[in-house]
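Order as written gives the chain letters A, B, C and D; numbering starts at 1 within each chain.
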Amino acid sequence: MPASQARPSPVAALAADYTRLRATTMALAEPLSAEDAQVQSMPDASPTKWHLAHITWFFETFVLERYEAGFAPFDPGFRVLYNSYYQGVGERYPRAQRGLVTRPTLDDVKRYRRHVDARMQACIAAHAGDADFDALVTLGLQHEQQHQELLLTDIKHAFGCNPGRAAYAQRWPVARVGPAPVKWFGFDAALVEHGHDPALDGAFCFDNETPRHKVFVAAFELASRPASNAEYQAFIAAGGYERPELWLSQGWDWVCQGRRTAPLYWAADAPGEWRHHTLQGLVAIDPHTPVCHLSYFEADAFARWSGARLPTEQEWERAARALKAPADALRRANFADRGAYHPLPAAAAADEAPVQLYGDVWEWTQSSYQAYPGFKPWPGAVGEYNGKFMVNQYVLRGGSCATPAGHVRASYRNFFPTDAQWQFSGVRLARNPEPPDAP
Amino acid sequence: MPASQARPSPVAALAADYTRLRATTMALAEPLSAEDAQVQSMPDASPTKWHLAHITWFFETFVLERYEAGFAPFDPGFRVLYNSYYQGVGERYPRAQRGLVTRPTLDDVKRYRRHVDARMQACIAAHAGDADFDALVTLGLQHEQQHQELLLTDIKHAFGCNPGRAAYAQRWPVARVGPAPVKWFGFDAALVEHGHDPALDGAFCFDNETPRHKVFVAAFELASRPASNAEYQAFIAAGGYERPELWLSQGWDWVCQGRRTAPLYWAADAPGEWRHHTLQGLVAIDPHTPVCHLSYFEADAFARWSGARLPTEQEWERAARALKAPADALRRANFADRGAYHPLPAAAAADEAPVQLYGDVWEWTQSSYQAYPGFKPWPGAVGEYNGKFMVNQYVLRGGSCATPAGHVRASYRNFFPTDAQWQFSGVRLARNPEPPDAP
Amino acid sequence: MPASQARPSPVAALAADYTRLRATTMALAEPLSAEDAQVQSMPDASPTKWHLAHITWFFETFVLERYEAGFAPFDPGFRVLYNSYYQGVGERYPRAQRGLVTRPTLDDVKRYRRHVDARMQACIAAHAGDADFDALVTLGLQHEQQHQELLLTDIKHAFGCNPGRAAYAQRWPVARVGPAPVKWFGFDAALVEHGHDPALDGAFCFDNETPRHKVFVAAFELASRPASNAEYQAFIAAGGYERPELWLSQGWDWVCQGRRTAPLYWAADAPGEWRHHTLQGLVAIDPHTPVCHLSYFEADAFARWSGARLPTEQEWERAARALKAPADALRRANFADRGAYHPLPAAAAADEAPVQLYGDVWEWTQSSYQAYPGFKPWPGAVGEYNGKFMVNQYVLRGGSCATPAGHVRASYRNFFPTDAQWQFSGVRLARNPEPPDAP
Amino acid sequence: MPASQARPSPVAALAADYTRLRATTMALAEPLSAEDAQVQSMPDASPTKWHLAHITWFFETFVLERYEAGFAPFDPGFRVLYNSYYQGVGERYPRAQRGLVTRPTLDDVKRYRRHVDARMQACIAAHAGDADFDALVTLGLQHEQQHQELLLTDIKHAFGCNPGRAAYAQRWPVARVGPAPVKWFGFDAALVEHGHDPALDGAFCFDNETPRHKVFVAAFELASRPASNAEYQAFIAAGGYERPELWLSQGWDWVCQGRRTAPLYWAADAPGEWRHHTLQGLVAIDPHTPVCHLSYFEADAFARWSGARLPTEQEWERAARALKAPADALRRANFADRGAYHPLPAAAAADEAPVQLYGDVWEWTQSSYQAYPGFKPWPGAVGEYNGKFMVNQYVLRGGSCATPAGHVRASYRNFFPTDAQWQFSGVRLARNPEPPDAP
């Protein structure tokens, strides 16, 4: 049988990807009522309905408008309404008011999706194989995956504002495993290549992962797994939120102004008896599960208390590159396709290498989000994708339980401001080779 | 036929009132989708869904809990969720977050209403005729009418935040009548009785309309009708929003901080070419219609520019008492039952007395909202109905096109802060008997 | 000796008044360093230096500019810098930044005062006796007295922000008198004349005290003296700041947002052991002294807790008119000329009439600050003196220990927003003739 | 003459340094009145009086308390009042209210300085030569120099709020030199040592300059001099403040919210006719002078518009290390000892290397302020000096016209948030070796 038969045609492959990923989005929205899909619980979050429409707008604006003969928009008003931040595409509706747009309705938006999907399939049939076209469609699908994750984190936040703390999903099965103590893996100083490598990471990447460049990484040690709820509870019990010397100066202000005493979504029924709001509703906190919904400030303070520090993104990537079977690590990770929608305790022991680098929780690094040497944004309006955010944000690595499988890689850079908590963000400790001070 | 047959029994009358008024509420919500009913466009406004539930909560809490044997709440969580401001009834959900509560859904709330309605009908059958019971149910129905009006003003505001400015209703028929020039009606100084009189106003009133008391009202003159859009446009054209000497000091701050140049909902496509958002969508401004959505500050500045002033509430009530056929005035008024949901030009000439005292627009008075001499709030939790708001608000009189027919009377006092605009609030001028300065 | 010899000429009288009042201002500023005179501790307060300059600006702008031949301003920049709110006189420097203007220095401002004083004396010599001129100078002097009071209240607030709570004056002598229990004086219902009467109040008044007009005042009872610190401490001890049912709705929000537990300047070293910041530094609270630095909200809540209410300004004025020896009451009052700069316990028993109506503390009334029927602001720029503030403020009566002697009268209306506390504001209770509910 | 005679004793050297630097501070405060020294024009700035006291507090708290026998504080209240941010030293007075503390007066603070100076001289006589002691005193003197610079930048801001824009100093002499066009100097990729080297930089450094470590710096090109006012005016004229595509997303928000159209202190009398507030008052803008008072956002946008970018701090330091006569560069720089207190046009041509790396303006780098690999804060309370600020700030290099001579070095790292403008902060462009896109 000739190879050409075994491998789907470019058209069929792209069409299949498109169909599958677009269907995944709708499946994620399935448990939500029209009202659930309407609300915006804070300016950083968006309504489900907006996500559903915005990612469709992306295909309509950046693909159809360019490749479709006789292009006409589904609705000219949608250009303003569902533009997120692209200044190059004209006016935008104020971000903080997305939750007020009751019309178009959810049904209207679903109609919009079906309409654009049909046109996209025709367009794919006509243009797949053209490198520029394929790149744009692929970008649109990667973009859709990013919004799949945001759909989950944003509805979690919205449900967290409901008095009854509504549940999005069924309870996940947590294996009652004992706690694996943290081990430390050492890495020697080295001059390494850093950033996206198609041979290792696959063809696609975002512009912010490039160009691949040399970086000198000093010797360091990395924890075998993310910090657990039990470890974070020990930090709280040790007065973690009451000791300014553990915090960055801005972090301490953030603690005081918000009168914070625990991560987002945690509530204590009695002193020390923590429960937390999850996508499965309000549940008791499992000690063995990676702690999540930490701000950068919390991750940093916890690390300082632990006599350790946050890793740099170069250290993190170096550790990920050192895995012997990176594909296995990705395949076994707790991504959104598992349907847990919550971090889980490590399934495997960290005998030879760190575990849970991928999935479960995004891991804060101490690296500010900046351009790599020689970085160039993509040309055109899609060039607003990443570069314009390169200030006052910090890099997270590895993906979370809300990240679509297949979306992240060793070079993938996520980024959020230091006070953001509503992502599934956790912490893996690093330290210098010398023994750290005792906590 | 004996009289007893012609007049319905107390039970039948109360049950019929209950049924009719509760059905009116649902009819008002009928044009709205689940999403429309979800949103809260500003802290002062509430979602339709919240209104529907809150007025049901009122009956459940203040009537059923007291009169129903073996009372159990439909859902204990609703006690917190749908309490508006009654401190005596325990915890409250934060007002500004009402738009985030997606669960219960609109369908849940409708179920709640049907459930309480059935229990209320049983309760009415058992207790109607008991004076306290009747008073509470009547209060609940008056309360429901107040929220019918708010439902309309709040959804108008929400739709005003939609880019397409969604329409709630069909376009109203505006008779193309010519403008009737303002006439002035004079009133002599007099020591009068002020406040609710059952013989004149019907049995029911709110506590804030009592006790009836003596007040000395100096001579004054009152305009024959509310100011029109044309007259207000002349104020704008004369630089009304640019001349601090026309405004109260706080009012001028309000103009500057909000960069205001016109009433709420007005938008100019070109200089002077005003359109405004109505419950029928975005339409051209009719010059003969009473101007509405004015803040106190705007009403006051317009009056000053006109060489006049706002009436006091005592003057307004005195004029209303002087009408020869007050029942006719009420019956002919443009209240919500007309279905116009917008002020209309005066249908009749003001030959012998002011017209449009009732309906169309609430009329700002210069009277701050204060207790009448000897005022006592109702006992118990319903005593929080009115008295606790008696500071930094100003009285409006007469009802509007969004007020249910039968709800207002000569002694009825509405009240809002001086910057509130989202009610159908307009202005009728008053002046001292001496000729005013020319504008 | 003929009477004409005993009475000073109009020129001499006005010149003497001018000299005396201007010197009083400088004497009040005497204890303050250049730094003390520089600071502005909140937007509502002004630096001493600004007060000294602004009241001089008033004479320069409203008197010299009109009456002085060949007028030229001392410094054109001062027109902007020392204009308070007169829109008619052009641009203003932002109020909240008055504390940043280090140049002109205090010495510059003293020079400015001397300069204007010399020109004013020449102007008085030339024009005194001209009714318009005399009226303007008199207004300027009354205005200066108002700022003398503000100078004291503002520096008290500034010193209250100093960690050591600096003292302005020597400790006052408090007679250790026992508490006089409150008595109630009854007043019958009556149709009375209200407002300024030159025969009773002297020739001068502000426009807001006119026109004198008829008002019907229902029967009421008034407390013999202002509430004392001991009585207010009982309110606190009874959970006054923790019981929402005692507060106006806005008042309760004010309590919660400011986390308030006591009047301004009070601090508890231990539970119940209150001290307060005074113009004499931080001292223990004397139980018999009138409580002061209450907001309207606190005065109202205390009254409600006491089973009473605030008086209206008509009631207050009626009681003041009923005094048999009003001149004595004014003469004996604790005004600023006493140098106590703090309220004092009543010196005399209230045998036949209320005491302390004048001086000690401004008494909050429940009357919103509004125009009297037929009110007309003064013509020209001085017409901005009062009328433009007639909204969302409440009337206080009687003057305080910081008010210059000779400044207030029975018809005098002071006014502040409901959250203002930094004036010497207290509370005298009123009630309806029926026995009030027990506290 | 033996070498030992030529070199002063450790005691004499330290005592002389102490005397000289402390006197410099007082000389800088000399032109200021007590009122000038009182004001705080924004929370980021501090009053001169506070600076004078705080740096004295530093010696009293960190040196005298440890080394002085029978130590007693000058005034216990000063421990709270003049603590800046050291959590380890107890309570702090709120930063934003420093301008309200009128007592202690400026004279009190001068007395405090003299008092501590006398005790310090005794302490130096007793302990100089002890390594720990010398290190602490040296740190205190470096700290004093940092506040000398802040004294200048803060009083500049305060004077900028004065309507007359008061002048601190006499006009500087600007040589009317023609503009030197920017040249680009290329640097090859290299693995270099980065951070403080005592052999190159002198013995003292702050903890944040350590440890010296390896870093790989890719090839880059650096501009011969900072950008000039003329170049920045061209950016403005090209619509720099109106084109979102030139700005970071946060930067564009900052432009819009602040309605910014030019750097801090610039004012246009007519379109394009700029003047700016300087320490010498309001003067016309010299086109050849380095532009200053740029925020990071402005520096970044200007760089993008120029087809270039900001350098990293590693690139900057590499260029500084490459100077052939670094000592000369430091000696010729326009630091505060010159008394210009304003950047000046380059005195020398940049024939062989970049000029003005030191002095004139701090140069923004694109490097976020982070710990160097292996960084350890100093032990004890002084360890709060630097590390706790290592987030959301960006590094500036080279010192400015307000920096004391002798204070900076090649490894010196200054840092400010991205919106800070009140420092003398400018921009030197960098670019990748490939030719940049045309502007």
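The rule is simple: a residue touches a chain if its C-beta (ideal position, glycine included) is under 8 Å from a C-beta of that chain, and two chains touch if they have at least 3 such contacts.
Predicted model, so just to flag it, every value in this text is computed and none were measured.
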Cα-centroid distance, chain B relative to chain D, in whole angstrom: 61
Inter-centroid spacing, chain C versus chain B (mean Cα positions, whole Å): 38
Whole-Å gap separating chain C and chain D, where each centre is the average of the chain's CA atoms: 48
Shared-contact residues (touching 2 or more other chains) in chain C: none
Chain contact topology (line, ring, star, complete or other): ring
Inter-chain touch pairs (all): A-B, A-D, B-C, C-D
Complex interface listing, chain B residues touching chain C: 85, 87-88, 189, 191, 213-216, 218, 220, 244-245, 247-252, 296-297, 300, 309, 366-368, 370-371, 373-374, 384, 388-392, 394, 418, 432
In the complex with chain C, residue positions of chain D that touch it: 33-39, 41, 49, 77, 80-81, 93, 97, 99-103, 105-106, 158-159, 161-164, 166
